[in-house]
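The structures come next, written out as structure tokens.
Presented sequentially are two complexes of subunit A, the first with subunit B as partner and the second with subunit C.
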Partner chain A sequence: MQKKNDWRAWLYLAPVIILLAVFIFYPLISTIAIAFTKDYNYTAQSGSGFTFDNFATIFETTYVDDGSGNLTAVYSDVVKYAIPNTLIIVFVTVPVSIILALLISVGLNSIKFLKKIFQTIFFMPYVTNAIAVGMVFSVIFMGGSNGDGLWNTIFQTTGYTWVDQGAPASRAMLALCVYSVWHALPFKILIFLSGLQNIDKQYYDAAMIDSAGKMKIFSSITVPLLSPQILYIMITSFIGSFKEYTSVVGLFGRAGTLSGYNNMYTIVYYIYDTISLRQVQYGCAAAVMLFVVILIFTAIQFAVSSKRVYY
Partner chain B sequence: MNIFKKIGSSFEKLDKKLSTQPTNVKASYENVETDNLKLVIREGTISIDKMEKIQKVMKVISLIIIYGFLALMAIVVILPFYWMIITSLKTNDEIRATTQTFWPMVVMWSNYANALNKTVFDFPTYLINTLIVGIISTLGTLITTIFAAFAFARLNFKGKDILFMILLATMMIPGEMMVITNYITVANFGWLNDGSLSQLWPSVDGQWFSGARLGAYLAMIVPFWVSVLYIYLLRQNFKQIPNELYLASKVDGKSDWNFLWKVMVPLSSPTLISIFILKLMGAWNSYVWPNLVADDPDFRLITNGLRNAFSVDGNVQYGYQMAATVVVTVPLLLLFIFFRKYIMKGVGRAGIKG
Partner chain C sequence: MEIRLKNLTKVFPGNPKKGIKDTIAVNNLDITIPDGKLIGLLGPSGCGKSTTLYLIAGLQVPTSGEIWFGDEEVTRLSPDKRGIGLVFQNYALYPHMTIYKNVAFPLTNLRVEENRVYKVDVPAKIDSQGNVVAPAHKAGDIVLDVDGNPLKIKRKLKPEEIDSIVRKTAKLVQIEDYLLRKPNQLSGGQQQRVAIARALAKSPRVLLLDEPLSNLDARLRLQTREEIRRLQQRTGVTTIFVTHDQEEAMSISDEIVVMKLGVEQQRAHPQEIYNNPINKFVANFLGTPPINFFNGNVKENKLYINEECVLDLGEKKLADQEVTVGIRPEGFEVDPKGAMHVECQNIETLGRDISIVAKHPCCERPMVKIIIDADTKVQAGIVTLRLKPHKVFLFNTKTEERIW
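Showing the complex of A and B:
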């Protein structure tokens, strides 16, 4: 039986294996190779030996003499914009969206009336086009010479610019985070809700008999029993936020709110820019770094949670 | 507690209430008379009737808080959709006013006509491109997924478990690791605008088909003919189909091929429909890769067309822009309304794999 099926199985698998080899495994090796190639030439697709220079260039700080002998440090766009922006997105949007999604799911799980309608509404952002809705948010956050958008009208911040030309990076970042959280909620709610529905009602009955308070029930029953879903959501959303790109394009349409500055750069935005600039060796180096960072983060989360995830 | 049961069946009800209030219950008898027995139960200084009332009030309050919170969040979620629709119907002056109105003063249906003008946002072209790319890449994915899932679920071969683990491991790799080299690969295949395919069939004025168009489609389709996640999902589904069916079809002299298409595929149709819809939605929403490989406006997909037609500069006609956004969003919402079950199940199952 085993022998007989052998070659047939490989025939069934052939399309997948060929496609994976060409579009996943080969690129994986090739990207790492290019990242360590010295003087990589895009047109010739070759370089001259091994180097760490590509990584150094990404982080390079140059010193410019301002005329009077004082040296001013000029940081690369990656150090100055891409890394801080990406970290802000990761450490703001992930916790905020997880907590909001958790509260919404627990709320949804405890009601019966209107539950289906609420569930449908909360899932709607998932079936939208990230670019299209990003453009809607940029109209909502409109300000300055364009007139005031919905945000400025609601919060009485007349004249503030958020995403338009000339908006300061901090405000642009707030708009980006609001949009990212909005877009990230539905998937998390869906996963949490299906996890909540699988929790055995007995636990809650037992808690009732012990007359445990609502907060106690939440922290001692709901969260521990939901821990596999929380871990899964944490890992996927950390990875997702590290790769933020389309939301920036949707919201701003370019890499910055000030002309000439890439102040809304993210790491992935930088990687894509290197392709059009034909400097793929830097993009490859940045991609390798991103991969390593994501791996480390995932490993840490697994290690931390191995003690805290039940089952 | 047994004392109460002895007093009489009329107290059984009270007894039940007591058992849900187990802490520090003191019972005291007042006016003990044989025909007019009155029982007052206290916890501290609050009698049980009061406690019940408090509990009821607390329940109502917590329900109000829950519904209030959910309603508030629902409004936040819906608001951008509402804003998109009403902005698409406003005049540009109204959109750029200093105070926003929640209903358009003049309903501008003409925004839609103007937005869909070929020179602004070439909707028919983008729609055709998106449908061609979406449907062909979806069908291709379904075929490779069915084959691979069948092999992993039903056939025995050496290295099966290792290969499956390797496949799952690829899901951990961020797509950005592949994108640059894939771009170079596609360029080497001659699929880009100035590649060998476009020289093989040079574009002729007035003719739809050209080598460059074929190349752009291939570049947008072929790399997405494989999805490890969907292989995983379908394999789980195939595994649930009882082995007896497989053995029975063997007894009947049916081949594996026949069994796959006559039994397994029809039985897994809900999962296949989920995959089909999610993949089609993916094509409708894809931006990054098509933006790289299809730089000719004629080959753009809908999302690229949308952002490029209204990229931000001085004087944007926001009404047109939002009208185009509505046109891009509505098909997705319609798909969601009609296939809600399949979409939510598919997304949910993709999530719960840990």
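Showing the complex of A and C:
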């Protein structure tokens, strides 16, 4: 590049750089700064020095005297709900949806009849709004005083509540996981299908000549040759699941199944709530924590997969 | 293992709505490939030779006809049950596996049949009368069925057996040093040898090679084709290889099958095909530089090209007619007493031979290619030539069948 063209290059890049600076870099730095600011005042946007207190507060366990001298531990919403819920979503829905997506895409790739139609059907959820899907699922999982939804009818669990007022957290979590897996499938199927279509058919011919059975071909040829796509999907969907939030809003419309309880909190839901409560310093602390966890987790995934992924 | 193809036909259906006609890739092919021989399937692109190979491999299903391996009909058998080794044109080595695993892969799927043996000593069975119902057996004795035949069991190969076969095969094709590498770390020639090793590892009944040399450079090609020949002779496995390169086919094959548009043209020893082509297509396809074709006439059992009587047809009589005359480049001799005249355009000295590029009004191609001994003195201008009768073939102008 000649030197005289430098200013032009910057000019072309300017719109993106400005947008990134305003909406990504500034908030990013600001978030980290606020997380470590003592006595942050949201209205004045000022604080009084450096501190770790914000982190301490979100993990804080208080002890309540029940009157007879016995102390009962009361955990913060983050420790009690947000972290366990997020971890369940991450470690249940991601593996389940990856395995399902893999099987479905291999199936889709091997059929000839109506292939295009099935591909379209399986891709539908991707273009459907998460909130809309959530509303549909909340009807499917309807139970209790509102009458039974599809789920209760099919599985003969008449009267069980899943997402409505009073539903126990375990059942609500099951409904949330089913919904998340279903909503996560299409993008994964899309990526896996395109990966499958790029695998040279000759490898399958060769494997057939080498007398490999169907399962063996799947495990020794398809999965290894699809490993770059699998890694990509694993990393992006683990990150995505750590940030899960819209599915909770879509399915429950609030942070819990009982009034006054945040039993369906996820970490990002908590972060959003702190903003409406004008306690952004805690949200920022939670965001920084989430960032570090995701960073470490992704680094581990890269390290583990480096030997197993064939490019 | 003798391979017989009986009336083998493969039609790839077209689409009448879109006006695409059916493609007959292989048409009524009838070939017997003798046991332990190296056979070259030779033909131009699109003549159905690769399809024939895939039909034998079982990757394609024939529209009609039968395929026999020895006494066993395999037409409807899936590829994994045919016991074949196939080397793909671009090798199709599994890119994510090491060379070792590539060669071992077919072996991990293999089931070997062996006699069932007693694992422990079995005492004799004696009934209440004291008669021996079943004799005693020692551990290691073969188990017999009621008819006295050994009972067979199928089992997977043990890891140490696989290891020994992989190493033996690797040694055979000289890839022992690369066993722990991945295919993309090897050169084309090395990959080729790995592909052959993978095909040979399971001791196939038939080895099929699809254009095995087309991805190699000229020097490697020479080396590899000798290697294929050597391997074939050492293992004695019936081998079929497909090529469009006549030199390749001629140099290593025991027999060549020349194909055109899915139809077998001629099948014989390479030299026999070269010396006695059955039709114009075969004559044209074999030989470098290619054979020269002239428009000629037969009159009173004499051959005329450009009104010059160039050859007496001798004992094998032919009626007066127009003919296509095929003359091999080495079928000419410079002789002042000769009857054929060409206008010499260019003389290329090749060391051992001289190649003359000449013009002749009756030649089908723009130039006549002539190869003569290097000791002969030639000058540009009109050259007088005499023909060697055994290098001259006459073809019917319409049917292109050889008539003399």
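The criterion applied here is as follows: the second predicted complex is superposed on the first by the 310 of 311 C-alpha atoms of A that agree within 3 Å, B and C clash if a C-alpha of one lies under 4 Å from a C-alpha of the other, contacts with A are read in each partner's own complex, and residues count from 1 in each chain.
In this text, contacts are C-beta pairs under 8 Å (C-beta built on N, C-alpha and C of every residue); 3 or more make two chains touch, one makes a residue touch a chain.
Note that the structure is a prediction, hence the values are computed from the model and not measured.
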Partner chain(s) touched by A:V136 [first = subunit B, second = subunit C, both, neither]: first
Partner chain(s) touched by A:I209 [first = subunit B, second = subunit C, both, neither]: both
Contacts of A:L231 with subunit B and subunit C, given as first, second, both or neither: first
Most subunit A residues touched (candidates subunit B, subunit C): B
Which superposed partner A:R278 touches (first subunit B, second subunit C, both, neither): neither
A:K38 touches, of subunit B and subunit C: first, second, both or neither? neither
First (subunit B), second (subunit C), both or neither touched by A:G147: first
Touching partner for A:F23 - first (subunit B), second (subunit C), both, neither: first
Common interface positions of subunit A, toward subunit B and toward subunit C: 208-209, 211
Residues of subunit B touching subunit A in the complex: 20-23, 62-63, 66-67, 69-70, 73-74, 76-81, 83-84, 87, 95-100, 143-145, 147-148, 150-151, 155-158, 160, 163, 167, 170, 172-185, 222-223, 225-226, 228, 231, 256, 281, 284-285, 287-288, 292, 303, 306-307, 310-312, 318, 321-322, 325, 328-329, 332-333, 335-336, 340, 343-344, 347-348, 351-352, 354
Subunit B-touching residues of subunit A, taken from the complex the two chains share: 1-2, 5-6, 8-10, 12-13, 15-16, 19-20, 22-28, 30-31, 34, 45, 100, 103-104, 107-108, 110-111, 114, 118, 120-133, 135-140, 142, 146-150, 153, 158, 164-165, 182, 185, 187, 190-191, 194-195, 208-209, 211, 214, 228-229, 231-232, 239, 242-243, 245-246, 249-250, 252-254, 268, 271-272, 274-275, 280, 283-284, 287-288, 290-291, 294-295, 298
Subunit A to subunit C touching residues, read off their complex: 200, 202-203, 205-213, 216, 220-221, 224-225, 227, 310
Residues of subunit C defined as touching subunit A within the complex: 57, 59, 78-81, 84-86, 88, 90, 92, 94-97, 105-106, 109-110, 198-199, 202
